[in-house]
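What follows is chain A paired twice: with chain B in the first complex and chain C in the second.
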Partner chain A sequence: MKNWLILAVSALICASLPFYADNYMLRVVTTAVMYVILAQSWNFIGGLAGYPSFATAAFFGLGAYTSAVLQSHHVPLLAAWSAAAVAAVLFAVLIGGAILHLRGHYFAIASLVVAEVLREVINTTPDITGGGMGLNLPVPHGSIAAQAQFFFYAMLILAVMCVATAIVVRDSKLGFGLRCIQQNEDAASILGVNAYAYKTTAFMLSAVFVGVAGAIYASWVHYIEPPDVFDIMLAVKPLVMALLGGVGTLFGPAIGAIVLMTFEELVWRNFLTVHAAVLGVIIVLLVLFLPNGLLPLLRSWLDRLRGHS
Partner chain B sequence: MTALLTLQDATRRFGGLNAVDKVSFSVEAGEVLGLIGPNGAGKTTMINLITGVHPATGGRVLFDGRDITHLKPYRIAGLGLARTFQIVQPFPRMTVLENVAAGALFAGGAAHMRDAEAQAREHLRFTGLFESADKPAATLTLAQRKRLELAKSLAMKPRLLMLDEVNAGLNAAEVDDALAMIRRIAERGVTIIVIEHLMKVVLSISQRIVVLHHGQLIADGEPQSVLRDPAVIEAYLGPKYAAAMAAGTMAGGPA
Partner chain C sequence: MIYFQILANGLVLGGLYACIAVGFSLVWGVLNVINILHGTFIVLGSYIAFFAYAYAGIHPFISVAIAGLLLYALGYTLQLTMINRVIAAPVLITLTLTFGLDLILNNAMLVAFTADYRKVNLANPLGSIEIGPVFLPGDRVAVMVLAVVLTLILYRVLRDSRIGRAIVAVRMDREAAALMGVDVKRINAVTFGMGAFMAGAAGALLSVVYPISPLASSSFLGKAFVVCVLGGLGSVPGALVGGLALGIIESFGATWLGPEHAVTLSFGLLLLLLFVRPSGIMGKRGYE
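What follows is the complex of A and B.
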């Protein structure tokens, strides 16, 4: 109950943003909300099941291209976005069948390759996808401000759906089984957990919202090209955000996404040239000093405060 | 009585090594069977073979008349075949209660989480871990972890329970407690295979004993007759001792 309240309140606060924020702010927040989706999605496979996936970029790019190609054939916007979800899920099942039996580093590397393969596929099929030239999307009607609001709300609704799914999954048999797998997969199998089915489901959940986010992103920026939507940072940042907020926790990835995006925006604006180095330093500091993330740290502080009062 | 579990020429090969080599035996419903053998005899491989962790490379495994040789471990678990691990395998960052609830939820037929936790509490009371229900499993002592393994398997409502060295590393008093617990489980009608090093344990609770040596079955029978079997004595104590035994110059069997 408490979790639903937190989700509702934060969604309402976000939803009120267009009434007082300028277009720059709205753009930054839309990006932040997109990363909330990516980080929360990563948490299904990386946090709950304990499989460190780098396939986020693959799902994102696949969703973006599915939707973009369909729209270039005059498929309506919402139908194209839905198709992106279907494509991402089917692709997750296919790839999951091939790599989910790998563990630890082996899985991480295999999932990392997936986006690179997709990028090459796009590059070599210019007739359909535009190849390295990229692909233009139809520009929607309406003023610049109206468009910005439309894509902001689209991202926000998707993010709410994603977090709502996370809340449902956490208290379900699926979530419990995934935690068992994360802690000891062999013991989980012996206790009757169908590890393959559970991991595949987690992988599908980690793909579906990311695929749609890619599709919304493509429509939002009007033009996509392989290096943009298959960018490795689309796989690395969600992982860092989840680490920052608290891996496997319910709201940790979202908190991590917002903190990192805020931080990044400030660094980006003020120290353009050392931006990448700062991100690297954050990752190192995280691993060294905050292995459990911000959320568990905050909780233990709160517990201590309560203990003193 | 009917056979609950039957192995027919079950074989497990690792590369050039036959860790389990054409082993055939069966376990009757309600029986307590001891499975013994020297280090490296293939006891744990046998358990892995039956539970589908390392499926047989030859021969067949039948459970209640059904061929389970190539079923996945989770399916075999769902049929009512539970095991404990020689090296305990808890979910370390879950509570003791959650550990046991997992068994009830995924193999014990619990309808939902609350049901599974209610069942788990019963099994914790039975195994004497009730006080520790809300502790993380990682904080338990070895003896408690062994009991947690037992509670987890019981939560699966097993028809056949395989106990892999459930007493290893325990002191004498703890072993007696564990034995009493195993007897009470058997009284509930659960068929049990006890895999053990400690001869005392096996002798005191098994109705029948099978002996493995170099992956092969070398004896199958009543505890006392198995202990007098020259092949068994030779496997445990070497040919010299066996010859002396046969000549009648030494008293007693392997202890």
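What follows is the complex of A and C.
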């Protein structure tokens, strides 16, 4: 119940944003909400099941291209977005069948390679996808401000759906099974957890919202190209955000996403040439000194405060 | 007879791939760390060779030792001060750490050397070699031979030297090795240093045949992945077999399907192999 309350309150606060934020702010927040979706989605497979997935970029790019190609054939917006969700889920089932029996490093690499293969496939099929030239999307009607609001609310609704799913999964049999798999997969299998089905479900959950986020992103920026939507950073940043907030926790990835995006806006824009290095320093410090993330740290502080009062 | 030419091209390419991958395979096999830095180490080795040739006139083949030793020092320090602290943590943590370090090092190189492509242009190139119907560029053949020699030296070091046996022992059983008096932390650092040495040496060799840029690091890393999975992890012969196999496959693939599909082919092959035989052609055995 508490978790639903937290979700509702933060969603309402976000939803009120367009009434007082300017367009620049709205753009930044839309991006942040997108990363909340990516980080929370990664958490299904990477956090709960403990499978270090780099497939986020693959799902994102696939969703973006599915929707973009359909829209260039005059499919309406919402139908194209839904198709992106279907494509991402089907792809996750297909790829999951091939790589989810791998563990550890092998899984990480295989999931990383999936995005590279997709990128190359799109690069070498210019007749359908525009190849390296990229693809233009139809510009929607309405003023710039109205468009900005439309895509912001679209992202926000998707993020709420994603976090709501996380809450449901956490207290369900599925969530319990995934945590068992994370701790000891062989033991979980022996005790009757259908590891394959559970992992595939987690992989699907980690794909569906990312696919739609990619589709919304494509419509939002009107133009996509393979290096943009299959960017390796789209797979790495969600992972760093989850690490920052707390891997496997319910709201950790979302908190990590917001903290990292805020940091990016405040600090990185002043250091453009060493952008990547600053992220690198954050990652190194995080791994060495804060491996459990911010959320457990916050909790222990809260507990200490309560203990004193 | 064109097939002999394609095969020869593939073998030359494969020797280079083996040299790119062997250090990566060593670190992965012994430390269970995926060293994302590997590609950047290779590029750094290339830059060392480039500047040594441009400013001091040192031939890149001599720079192999210089680049190797400098990178050994860098790798040894990184492992001792940072990676050792999280060596026992789950996969995600060590992978993420080396990824973060890679971002820093690669960005530093981008700022210091810019993204411009450079190349070592030898004053006295080796010309071309003609064996029957097969033509081969002399520089590439020399690089390939040196790469294979370096790989074989590493093999002998691991087999015959005291430190090599200690590395193999750590790979087989970390705890048992510690009980036998092996200083595991130091061996970790030496292993990572040796991986970096091989990367730096490979980079110095490659500076003669490939253009150099910080942007090339990820493609080297990708090749190292594929070679390791192809040949089987954690053995020098595995890296050699995997490298040669990839070289030949890419060479024939580029001829039959067109060069633009070479990358798709190697990655597709990687996925297929992971699916049917994750342990690679040579299987998983002790690091010999």
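Going forward, the second predicted complex is superposed on the first by the 309 of 309 C-alpha atoms of A that agree within 3 Å, B and C clash if a C-alpha of one lies under 4 Å from a C-alpha of the other, contacts with A are read in each partner's own complex, and residues count from 1 in each chain.
Just so we're on the same page, contacts are C-beta pairs under 8 Å (C-beta built on N, C-alpha and C of every residue); 3 or more make two chains touch, one makes a residue touch a chain.
Computed from a predicted structure; not experimentally measured.
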A:258 touches, of chain B and chain C: first, second, both or neither? neither
First (chain B), second (chain C), both or neither touched by A:163: neither
Partner chain in contact with A:77 - chain B first, chain C second, else both or neither: neither
First (chain B), second (chain C), both or neither touched by A:191: first
Partner with the higher number of touched chain A residues, chain C or chain B: C
Touched partner set for A:85, first chain B, second chain C, both or neither: neither
Chain A positions touched by chain B in one structure and by chain C in the second: none
Complex interface listing, chain C residues touching chain A: 28, 32, 34, 82, 85-86, 89-93, 95-97, 99-104, 106-108, 110-111, 218, 222, 225, 229, 260-261, 263-264, 267-268, 270-271, 274-275, 278
Complex interface listing, chain A residues touching chain C: 46, 50, 52, 98-99, 102, 104-106, 108-110, 113-114, 116-117, 120-121, 123-124, 232, 236, 239-240, 243, 247, 273-277, 279-284, 286-288, 291
Contact set on chain A toward chain B in their complex: 171, 173, 176-177, 179-180, 183-184, 186-196
Residues of chain B that touch chain A when the two form their complex: 51, 53, 72-74, 77-78, 82-83, 85, 89-94, 98, 101-103, 105-108, 112-113, 152, 156
